[in-house]
Amino acid sequence: MRQWNTRKTLREERIAAGGAFATGKTIDPARLVDFLEAVLRPSDRVCIEGDNQKQADVLARGLAAVDPARIHDLHMVQSGVVLPEHLDIFETGIAKRLDFSYSGPQSARIAKMLFGGKIELGAIHTYLELFARYFVDLTPQVALIAAVSADRHGNLYTGPNTEDTPTVVEATSFGSGLVIAQVGEIVDTLPRVDIPGDQVHFVLDAGRPFYVEPLFTRDPAAMTETQILTAMLAIKGLYEPYGVRRLNHGIGFNTAAIELLLPTYGEKLGLKGKICTHWALNPHPTLIPAIEAGWVEQVHCFGSEVGMEDYLAARPDIFFTGPDGSLRSNRAFSQTAGLYACDMFIGSTLQIDLAGHSSTITANRIAGFGGAPNMGSDARGRRHPSAPWLQAGAEADPDTAAPLRRGRKLVVQIGETFGEGNAPLFVEKLGALELAEKLDLDLAPIMVYADDTTHIVTEEGIANLLLCRTADEREQAIRGVAGFTEIGRGRDTAMVERLRARKIIQRPEDLGIDPLDANRNMLAARSIKDLMLASGGLYRPPSRFRNW
Amino acid sequence: MSNVRQSWYEAGARERIAALVDAASFAEFIGPERREISPHLSIFDLPAQFDDGIVVGAAAIDGTPVLVAAQEGRFMGGAFGEVHGAKLTGLLRAAKALGRDVVIAFDTGGVRLQEANAGEIAIAEIMRAVAEARMAGARVVGLIGGRAGCYGGGGLIAGCCSTLIVSEQGRISVSGPEVIETNKGVEEFDSRDRGFVWRTMGGKHRTLIGGADVFVDDDATAFREAARAALARPAGLDAAMLSAEQARLERRIARFGDAPDATDIWRGLGIADPQAIPDMPAAGFADLAAQYRESADDAR
Amino acid sequence: MEILHFDIAAPTPATGTRAMALVGVVASGNLEVLLERSDVSDRCVIEVTTAAHGFRDLWDAVTADFVARRAAGGLRIAINDGGARPDTVSLRLAQGVRMIEEPEA
Amino acid sequence: MTPAEILDSLFPAGHAVTSEGDLLFGRATLGDGMVHVIGATGGAPIGIDQAIRLSARVLEVAGSDDAAPLLFLVDTASQRMSRRDELLGLSEYLAHLAKTLLLAEAQGHRTIGLLYGGSAAGAFIATALACGTLVALPGAHPEVMDLPSMARVTKLPIELLEEKAKATPVFAPGLDNLVRVGGIAEVWDVGRSLGDQLTALLAHSRSGDDRATVGAARGGRPKAAAIADEILATAQR
């Protein structure tokens, strides 16, 4: 007779074994490693948060300290590989296989370990993909999560950085897995309940808040004239003509410059209320001046940002907040919003090839994807119309009858022709391809596919790929905005001029922009201090961003 | 976009001078077209700058002739090399000879490492020239609010000036945060804790303890107005003034020598909520400082 | 230091009467551009001193584009380069021409 | 040489100099006259506590109308690197010390720095280099920045810096280099009476700050004197 409850039975066994090192649900902090050795089994599928921003750092340290003779060959399924401990466990053999999305600070080490065969790679996912697989074939058997606080029943308050937690807990707990939460404190009454206690099996009082990284703070003081020029081009050449109201911004300086130009340059162009009203966006400090100037109607957030908490709580008309007043973020929902409900994604990348594929992966750095491919892709399941979506669709496909014609999401890559260390943005062959060859991958890790990319903005101008009718036109449109890179210098000048006549390429002067007007005085805030002052003192920047 | 505040912190040396003096009144001495570059940087395969990172010359403020100098903090951190230093020395000797006031916009990390010995002597020469110019009746007004702050020998030169005007961003110190951390450890000085760095060395703290005289917003116009006022103050440097400074500095050690943190000093000055000081806007802070600060009037 | 010389036929002479102009500073990723007048109104002479060796092709392209697009005739230009990107070089050169063409106060 | 040996050789006719920690204060007899003596010794760093005591004494000297010279014995480290000293405004204390020395000189007291050990950075500027004349004993080892630190900042190997240092005195530490850039007027001969050498020095009156001129003559600072002179001349036109 088949047993139909082996998973639940296994969970009961884990709970019983872990109970030896806990009082009720509360783990004895001094016995954390013993506890983890008791509840884990070799080859378990384990999810550790491991998010974009917040980290279950104490649990990660505990996991890295378990005896590899007892616990080994774990299959880690986590969105963010961020802490050194996340990779240490692969060095020691505690873990073997990895499915992940993003690895910002560990991108160089993860590459080295992949080449060295220390990690058996499942796949590099987008966030939504990985979350989806939590419910299909990568359901965690054990989840190690992070929250701000818990009560005696194991109810959790995740605070502004809720991020991945509800998704991870949903899949794990209802998939008969074990949920272990690290919290900063255990309290009698929570400000709000983000995760119900009956989905949480054990709680560790870490005695201090989880580690969280300010990833989305861009210091206006570091913004260059060239970045400001690209921002001006985007506003006047894309936001205005398409009337983009619902959108997502990447985290680079170019898009931060756009945010800071809205109340100045955008205002001058009379665009207030006509663009940039609804966002799927982390709470970028650089958006404060636009919010304060009344540009923004609503923002839903993937996560939070260190120092923004009080400001967000004081602007509940704009941000999603709980009954306690603090921000409620949710990565899975916000990613879905970015995919289906936004008309534009605009972000930076490291490399673009002649077809228009782009990637942030180079041969030595595997930064992963995060959410950009979700935002930066055309949602084939989209059915609701909007003016920008329809207009982009018409540009791409003028011949199909309007009622049968799909719209297109605007997917814009923005950057300077040369990036950090004078590395060219435009390349003949993507580093991602070299990586795929080196690791013998079936699929090169492309962040945004060429057929999703609609525009490229550089200081030299805007290339509208929707209007290109042949591969040749497309290549010359890209070369035509590639500046002095080798790709740019290899352009067919006559053809580029023809593309310009058809407005496939638009130069600053074609848009009435004098590059010499692009200066820092146009920024609504020129320093972190300006942002703090614009927030009425509600934004409290972390010490590392201060110069006061 | 008109009526935009011009940030002193962001401005270059030439922009600072333009903001400071009467329109079209500035005449540069040994300008960039002379290409009097550092003879030493090429040893290190480093690019030179045509003015060696300092602009000096004659100008007028409200019609009154002055001598002006501005360091370029972005070139080699505004550091003093042989040529850079000699331009300022010459200007200060001219101040003494002409009995003419000098305004110096500091923006420096101190001595330029690649020509350390020349820079070190240059600082000594400049300090002597400042003191002698002041003894001859010239005012030497220092403005501090640039990216590089005013460190090392720059801090010592600033300490010789008759009046110091500082913004919040301006830091005045001898050893830089990284240098202290490297030599004495992160427990002694955490250079990455920028809030701590500014609390210990920044313009607000210096204003409160009397290390600077006038606090202004990060605004070129504010610096100009403050410089105008400073040029109207009594001039001179004599025994009485230095005795007063001796007493002032002794009193500071007696009162605050055991204070572990700037906020303890600020509380000791009578400020009820010292934690609120760093985030205070300039105007509010200036009012508060006027009430509680240690003054260095006639004691510098 | 690598020193590069360019002497380029310039279609458009620079206007104005200022004898010289200076823009930019020598810093990482930045450069200083000193513009002066010469007697030859249909040529532009550019001398670059740079710590980044081996980028002659790039300087060729940037200076040629500059002279083709801006009023660079009759200018003698000296550059101290701190490893600036081509877009920054173009911007500074353009700023320099604007400054030397400005009416004198 | 120790401070005591130096003082004995300088002032065979007698001296009353007492040490307070690493500082020296007192007076001595030289020929028919008297010399004020202060010292910063022991290779110790100069912080606010040291600077304020030195400046107090220099102010007293400046205020006395004896026109006697002031001799400053110097063997220090750099300025004290600490949170407390910077919090309390070390730059002001060092500048104040330098100003008192310059005032004493202006009030008619020759100020002579005698560098017999080390000195560095801000401490060097505020003590030895703030004197009207700076002399050194052989074996003195002034430095603005040590080569290992310089190697760190310039990202050049130390061997390469040592190699470059042979070609120019402009950056590397050491007495010879400081002499060549004009920072040190002369190096005394310890085989002879230091008192005689001091007497000879005092017999020559000093006119203005000639360090740049000396540095040019000795090939250590090729440009400084000419540039400063030109600016002075231009401003006076």
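As written, the chain order gives the labels A, B, C and D, with residue 1 at the start of each chain.
Going forward, a contact is a pair of C-beta atoms (placed from the backbone, for glycine too) under 8 Å apart; a residue touches a chain by one contact, two chains touch by 3 or more.
The UniProt protein names, listed by chain, are A = Malonate decarboxylase subunit alpha; B = Biotin-independent malonate decarboxylase subunit beta; C = Malonate decarboxylase acyl carrier protein; D = Biotin-independent malonate decarboxylase subunit gamma.
On a predicted model such as this, the values are computed, not experimentally measured, just so you know.
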{"item": "Middle chain, criterion being Cα centroid separation", "value": "B"}
{"item": "Intercentroid distance (Cα basis), chain B paired with chain A, Å", "value": "43"}
{"item": "Inter-centroid spacing, chain C versus chain A (mean Cα positions, whole Å)", "value": "41"}
{"item": "Gap in Å, rounded to a whole number, between the CA centres of chain D and chain A", "value": "59"}
{"item": "Separation of chain C from chain D, taking each centre as the mean of its C-alpha atoms, in whole Å", "value": "46"}
{"item": "Where chain D touches two or more other chains, by residue", "value": "none"}
{"item": "Pairs of chains in contact (touch as defined earlier), listed by label", "value": "A-B, A-C, B-C, B-D"}
{"item": "Of all residues in chain D, those that touch chain B in their complex", "value": "48-49, 52, 55-56, 59, 62-63, 78-79, 81-96, 98-100, 102-103, 106-107, 121-122, 124-126, 129-130, 144-145, 149-150, 153-154, 156, 164, 167-172, 177-178, 181-183, 209, 211-212, 215, 220-225, 227-232, 234-236"}
{"item": "Residue ranges of chain B touching chain C (in the complex, touch as defined)", "value": "12, 14, 23-24, 31-33, 35, 42, 45-51, 72, 74-75"}
{"item": "Residues on chain B engaged by chain A in the complex (per definition of touch)", "value": "1, 4, 6-7, 9-10, 168-169, 192-196, 198, 202, 204, 278-279, 281"}
{"item": "Interface residues, chain A side, partner chain C - complex", "value": "224-226, 416-418, 422, 459-460, 483-484, 489, 515-516"}
{"item": "Interface residues, chain B side, partner chain D - complex", "value": "29-30, 36, 39-40, 43-44, 56, 58, 67, 82-83, 85-87, 89-91, 93-94, 97-98, 100, 111, 113-125, 127-129, 131-132, 135, 150, 152-153, 155-160, 172-175, 179-180, 182-184, 188-189, 200-201, 205-206, 209, 211, 237-239, 242-243, 245-246, 249-250, 252-253, 256-257, 259, 261-262, 265"}
